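In the two complexes that follow, chain A is the common piece, with chain B as its partner first and chain C second.
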Partner chain A sequence: MNKLLVSPSPHFFTRTDTSAIMFDVILALFPALIAGIVFFGPRALIVTLVCVVSCVAFEWLVRKIMKRSNTIGDYSAIVTGVLLAFNLPPAIPIWMAVLGSFFAIIIVKQLFGGIGQNFANPAITARIILLASFGTQMTTWSKPFGYQGGVDAVASATPLADLYWANPWDLFIGNVSGCIGEVSALALLLGGIYLSFRKVINPLVPLTFIGTVFVFTWMLGENPVNHILAGGLMLGAIFMATDYATTPPVLGGKLIFALGCGIITTLIRVFGNYPEGVSFAILLMNLLTPLIDRIPMVNPLGKRKKGGAA
Partner chain B sequence: MAIVKNKKFLNGAHVPHHKNTNDSQTLPLPVPERVTILMLQHMGAVCEPLVKKGDSVFVGQKIGESSEKMSVPVHASCSGTVQDIISYTTPQGISCPAVVIDTDKLQTMDPSIHKPEIQSKEEFIAALRESGLVGLGGAGFPTFMKLNYPHPEKIQQLVINAAECEPYITADYRECLESTENIVRGIQAIRKYFPVEVFIGVESNKPKAIEVLDQATRTLDRVTVVELKSLYPQGAEKSIVYATTGKVIPQGSLPADCGVLVMNISSVGFIGKYLEDGIPLINKRLTVDGDCVTHPANLLVPIGTSIQDVLDYCQVPQDYVKVLMGGPMMGIAVSDTALPVVKNNNALTVFSEKGAKLPPETACIRCGRCISICPIHLMPAKLEKAYDNRNTELLQELCVDLCINCGCCSYICPARRHLAQKNQLAKSLLKQRQVKERKTNE
Partner chain C sequence: MNYFRTFTKGLIKENPVLVMLLGTCPTLAVTTLAMNGLGMGAATTFVLVCSNVVISLLKNFIPKQVRLPSFIVIIAGFVTFVSFMLRSNFPELYEALGVFLSLITVNCIILGRAEMFASKNNVCASFLDGLGMGLGFTLALILIGAIREVLGSGTFFGLSIGDWFQPIGFFSSPAGGFFVFGCVIALVNVLSNYKMSSKKIGCASCPNASACGQAEKGEVAE
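Then we have the complex of A and B:
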């Protein structure tokens, strides 16, 4: 007689597992990577590969040291690596990129328990640590297509410094200075549409984030079109404000999160010392997520109120 | 009356259908050498055997009865000799006696079986009890108890469940096509004593059943065939009541408290048939299917036939590793194929090693899919943590008792967390604590 396997129901599972979701995110990041390589040359690809390889290596190493199961198979370290690289200027020294990966994977992600347990977005936090530590290198921008003239790193202002007069078309396709993955709004939107279509993210989250920035900058007399196209807003709104681990899991909470991100981004951009506010906004809202989660937003059907009646 | 497409549905999962047996007409299973008839095939009290070793029994003879209110009698499905009365443990872990009958293959009917004579509502309910009918959808709730509701005047609607949302199973679908007349007769019989409005809910992936039922009920007043979205679990009681009547059943209430009776289509069909010939519930239509079944089929199986006999008849290859009583979403995995078929079985789903493989559990990534898929709007990820911390207060606050165990959360979880399973554990933990508290208060 056969030995029968006994387990509680259900006995059927969807094919979409964690690695399939992460794979979708990696695919969605490809257009922006290609845009980065087109505008900033092979250096963009090198920085991205360094970040990815070092993130995966750190993840493998730290899990080994902590005697935990190997988790590089869920591809989340690859996603972190790509997102970190996308938040770095193309001319960044390689060792700094490796240091950023160290912070992202070991300090922010694994020390708090690994995938799903980190309360702050690893890529964003690593970027902020690098920005606070190496202000010059983190704000030395390469000119788009500068690599073709044989000049690798040319100090140049980002459009955020002179936002009002920037050309919106250049901002849209990404023909501006900036971090590797943030310049092309078009490429990022393609990724966002793919993720929405695959139901990996809820498009309402980036729409709320971007919409809030648009409305508030417009009310404050700024150029709202350039505000939503420039800097890290598209990258942050589509790929980081939709991160599962560090944002609320319920739609209502997600929208509060996105609204908060939009308001803080606008405040920093318009009134703050930093030209860019997206990273700080997302990190601040990451910290507020446990509080947002406490707001009861899901009402079980048929729940009786205390005291009796339904 | 008419086909209605409803727009309001409770959430659920798009599970694969695998309805391979849609066109498999029901074949009678040849009478097996031996049947083992459990004295507990329903929700309620265990029956006492009415026969002893060596007795000869007829088909349809009552062989088990209980004096408890919440119970239904059990009947012999085959004629023959009582070989023994043994003690048996059901897959749910409950011990009960079982009557083992060595069959004579003659299938001699009990001479006392006759068309029931019914003049009043009380006689109708009593006849249903005598028929041994339990809810054939799965839970096995005695049908007469549903009709014995203390405030019958409150009951205004009858929801007939023909959703059949579980993958593989087509037993109810075949009932719709093969026993249409019985279903109509059943509806008329119930309406004679309960003047209810009738809704028949069928998932949209069964257009033929919808058409046949609509044709058959067109002349009846206040009967509506409701086309449901093909979204598991539309056949869950709370889902189908919501989809057809728009009513939400509150915590701790029966559908009848909201004025709704819910019955499976096969139960209604059985009532129609029983009122004609008086033969109690002794056979059950089973869908036999699964990833390693080469000859999937619908079979009319005498209750008490061992699962092994059914699998042998279907020539199921020997390499299976998992056998489910029911479908893959809510079915019970059995540990032994010697287990007999019971009244509320509607399928045997058999899986090879590949299909039975359980994906390894990984860390929750907080994606929120379990929350957005839950038909009852629960938060399985939060419930899991509350259960792990044995936080009964939070479990109560989050209403784990409302969970219908449909399994959507476990199905959709990309980290393969055992969410539905934890909910079940949490429910029993909550019950234990409540009983304990009540005792200390007293």
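Then we have the complex of A and C:
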């Protein structure tokens, strides 16, 4: 009789858990990291490592201080660190990267209860705080391959400043100045395809986000191809607008979220004072997520329709 | 009534900004520099003490139906006095505080103390209450202003704390104001041992209980 096991459901389990998903995300981020190192040299790797190490250290420390179970084993702090580094210019002072990790992990993530409880994306919020605080350092861009003994290593602006005439092939490959992880659309797309294939993200979300930007910039007389290839759009759409904790859980909500992100990004890029609007768009839509969740989009089983039988 | 407690309750236990969350608008707006916080706090304390004393003296002569307009007239009189004084003696501070100086008239703290305390208690107690609440307001503003000034501008009461420090502009911005405000409220909650209890949900456990008229009647919030 010992062979007959009686247990409540569920009876089937999947091996997928938080650490497996985060591991997939880390793998998907690797092409963009390699692209960043190729274009911006060892400095990009140093900034990324500093962000990762400080994020994990802050996570360990704050869980220890708050006497809670330690969560560094789920790799989420590593993902936050990599995403934060990808949103920073390669020449950023190291202590600013550490300060950004502090804001991301302690203020945005752990003070609200840790993984799954934060209402805003930690990496995006930390980037915005750094941008609001250190405007000069956050917009000092290195030229691609400038580390190979170039005389004029510091560029004045990203392609976003003069987007209409930028070379789309350079934007696609990543041969432009910008943040560490955002320059190469090709590398980010590889990661996005991997995540879609592994069913970690729903490809409709980044497609809606990018498609919205494409359509609206086209309607406003901009160069839509360059708009979707430049800046942090690919990075934000694939890796940040698909974050589980800070975006709506059901598909309809996800699409509203992505649509809103696209509209706000376009508005800031075309009419705003900042050249880039992806991070602001994602943060604003993060804040709207609880409201989007209140729109009923799934009919409960057996719900009666108005004036009719079930 | 214990006069000493009447004075000290405004400092932390019933701090008007950090516990009762009144007067949030000037708190967030003028605290980019510690000096502004001090000036705003001093001006508000002066108005609060004077209006508390005068309202306490007149409490038997003001008809209940028109008490709010009467209080506002008294408060506005003192605010006008303070703004003329500042304008002639401290023009720089007057410029820095701007419209928020006139807005002391509609500061919830002053009207709140007039309604909840001065119109029910004697002159001496009202004076001490106004002084305690005003000092609590001033201390909160100086604290928030000092944190924001040191981190956001790299100075303390206008003195540079050194070139090694790179100011973090976020703390000078309104968002940073809300952030520091929230952190200081959390600190005060720890200091005053305020605990969120699931058993005592009702007016009696609210930190505003002693300031709020409803709690005395024993009403319980639904």
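As a working rule, the second predicted complex is superposed on the first by the 289 of 310 C-alpha atoms of A that agree within 3 Å, B and C clash if a C-alpha of one lies under 4 Å from a C-alpha of the other, contacts with A are read in each partner's own complex, and residues count from 1 in each chain.
The definition used in the following text is that a contact is a pair of C-beta atoms (placed from the backbone, for glycine too) under 8 Å apart; a residue touches a chain by one contact, two chains touch by 3 or more.
A quick note: this is a predicted structure, and the numbers were derived from the prediction, not measured.
S.K.: Output check: A:Cys51 vs chain B and chain C. Expected answer is one of first, second, both, neither. What do you get?
M.R.: Neither: A:Cys51 stays clear of chain B and chain C.
S.K.: Quick one: classify A:Gly135 as touching chain B (first), chain C (second), both or neither.
M.R.: second
S.K.: What is the contact status of A:Ile21 with respect to chain B (first) and chain C (second): first, second, both, or neither?
M.R.: first
S.K.: Applying the document's contact rule, which stretches of chain C touch chain A when the two form their complex?
M.R.: 166-171, 173, 175, 179
S.K.: Sort out for me which residues of chain B touch chain A in the complex.
M.R.: Residue positions touching the partner: 10, 13, 15-16, 167, 238, 242, 248-253, 318-324, 326, 328-337, 349, 351, 356, 358-359, 362-368, 371-372, 375-379, 381, 398-399, 402, 405, 407, 410-416, 418, 420-421, 424.
S.K.: For a test of understanding, state which residues of chain A touch chain B in their complex under the given definition.
M.R.: 1-14, 16-18, 20-21, 71, 74, 76, 113-117, 244-245, 247-251, 298-304, 310
S.K.: Which part of chain A faces chain C closely enough to touch in the complex?
M.R.: 99, 107, 129, 132-135
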